[in-house]
Amino acid sequence: MFLADVIGTVVSPIQTPILEGKTLLLLRPLTPSGAPSGLTRIGIDHTGAGVGDRVLVVDEGNAGRQLLAAPNGPVKTIVLGIVDFVELEGEHVYEEQHRESVARLTP
Amino acid sequence: MFLADVIGTVVSPIQTPILEGKTLLLLRPLTPSGAPSGLTRIGIDHTGAGVGDRVLVVDEGNAGRQLLAAPNGPVKTIVLGIVDFVELEGEHVYEEQHRESVARLTP
Amino acid sequence: MFLADVIGTVVSPIQTPILEGKTLLLLRPLTPSGAPSGLTRIGIDHTGAGVGDRVLVVDEGNAGRQLLAAPNGPVKTIVLGIVDFVELEGEHVYEEQHRESVARLTP
Amino acid sequence: MFLADVIGTVVSPIQTPILEGKTLLLLRPLTPSGAPSGLTRIGIDHTGAGVGDRVLVVDEGNAGRQLLAAPNGPVKTIVLGIVDFVELEGEHVYEEQHRESVARLTP
Amino acid sequence: MFLADVIGTVVSPIQTPILEGKTLLLLRPLTPSGAPSGLTRIGIDHTGAGVGDRVLVVDEGNAGRQLLAAPNGPVKTIVLGIVDFVELEGEHVYEEQHRESVARLTP
């Protein structure tokens, strides 16, 4: 799993019913302190995340299929949760402040 | 999943019935804004994509086998969709303009 | 599998019962002699590890699901054990000294 | 999947019946135009490839086990096909010329 | 699969019966000619390898579980065989000379 910032979205007509209505998020992997790290990926949203959110991402096919209850879905990268805060060596290096996170988490 | 440009094709006699007639596409992974990023890969086309298309790629064996309805196929990298547009921090950084995409999506 | 130092924690409301109460650890991969190496990842604790511990990490979905007895859990990276010592070309390059490790290992 | 040149062989007594008699090939991953790219890997031959061939490689356990009809085999990287030609942005950048490829493909 | 040198061992109390008594080896991935390449990993020994051996490593969960006959084991990286020799473009670039390899291969 890794930390990422949601930096955009991708629109592509994928012909797989399970993905209909799902949002494809552009994800920039981050170091704990928030610096970009590694290649950008595209993930399927599972938590109502949007541009500007810091998120927790899992990048494994079976994990994604199980989360989406899609045993046959062509999924790999899933946004698993919106990060509330990150503590690095005893210091808060990130704290979510921008949106009402509880409301968003009800899918 | 990742964004890529289709930059070519590979022809190789693979002795696996499920792959007969499939096109092997050369894929150049991209950053959201379209710069090359990461190593070139070869994917199996699932959407009618061709050279010049920007595509969405999934790189996981089970996802590929399910998409191709090939439970025993030796597949990993699949071109899942042709990208219509990419929005990065509120700006359209890519918009598909070259071909009639709906027509192509009917396999 | 790889060696890592636990350098922090991440708090994120993940809506998956199996992960309730689990700690998400920030992991800095290391060379055998303890230098940082590779991108930071986030793992699920399985051993009572905390900030400052050197740990053994497995990064594969099925391994993680089996360890957590979570056949449907969206897991990938798991902290498998706290390292007692590392021997590199005949020399001890790391020895755990900070905490009472046996006590912690009883979940 | 990726393109590679076969650059050598490895001999190692692996105690797994399914791999008996199989050749372990040293594979150098390539860019489409044939420059080295990424770390060398070792693959199991499935097509009669040898040193000097340009090949198509799949690097995923289930794909490999299915190709070798080895549901329990410890396999991951498989040489899937010998490349006939590579077309990059409309130009042939590689064409197989050295051996009688059809003959070799009969296992 | 990849080539590696065994450069050390890791001792960590992992609470998984299947791994009891197994040796955790520090593995330095190598180019065919023996130069270090890529990040160090930790693998479970399956062949009696020790520090100084050049080995063949598979890095995939199902392959590892099958080799260890551990359908539920949290394994990923396995030392599959001790390398006898490596031939690169027609030349022997490595030849095992140090130990009586046949004796070791009887687990």
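A, B, C, D and E label the chains in the order they appear, each numbered from 1.
Basically, contacts are C-beta pairs under 8 Å (C-beta built on N, C-alpha and C of every residue); 3 or more make two chains touch, one makes a residue touch a chain.
Keep in mind the model is a prediction, meaning the values are calculated, not measured.
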item: Shared interface partners, meaning chains that touch subunit D and subunit E; value: none
item: Subunit B and subunit E: spacing of chain centres that average the CA atoms, whole Å; value: 35
item: Whole-Å gap between the CA centroids of subunit A and subunit B; value: 22
item: Multi-chain contact sites of subunit A, meaning residues that touch two or more partners; value: 60-62
item: Arrangement of touching chains [line / ring / star / complete / other]; value: ring
item: Order of the ring members, counted from subunit A so that subunit B is second; value: A, B, D, E, C
item: In the complex with subunit C, residue positions of subunit A that touch it; value: 1-3, 29, 31-32, 37-38, 47, 55-56, 58-64, 66-67, 78, 80-90, 93, 101-102, 105
item: Parts of subunit A lying in touch with subunit B, wherever the complex brings them together; value: 7-16, 24, 26, 39-44, 51, 60-62, 65, 72-77
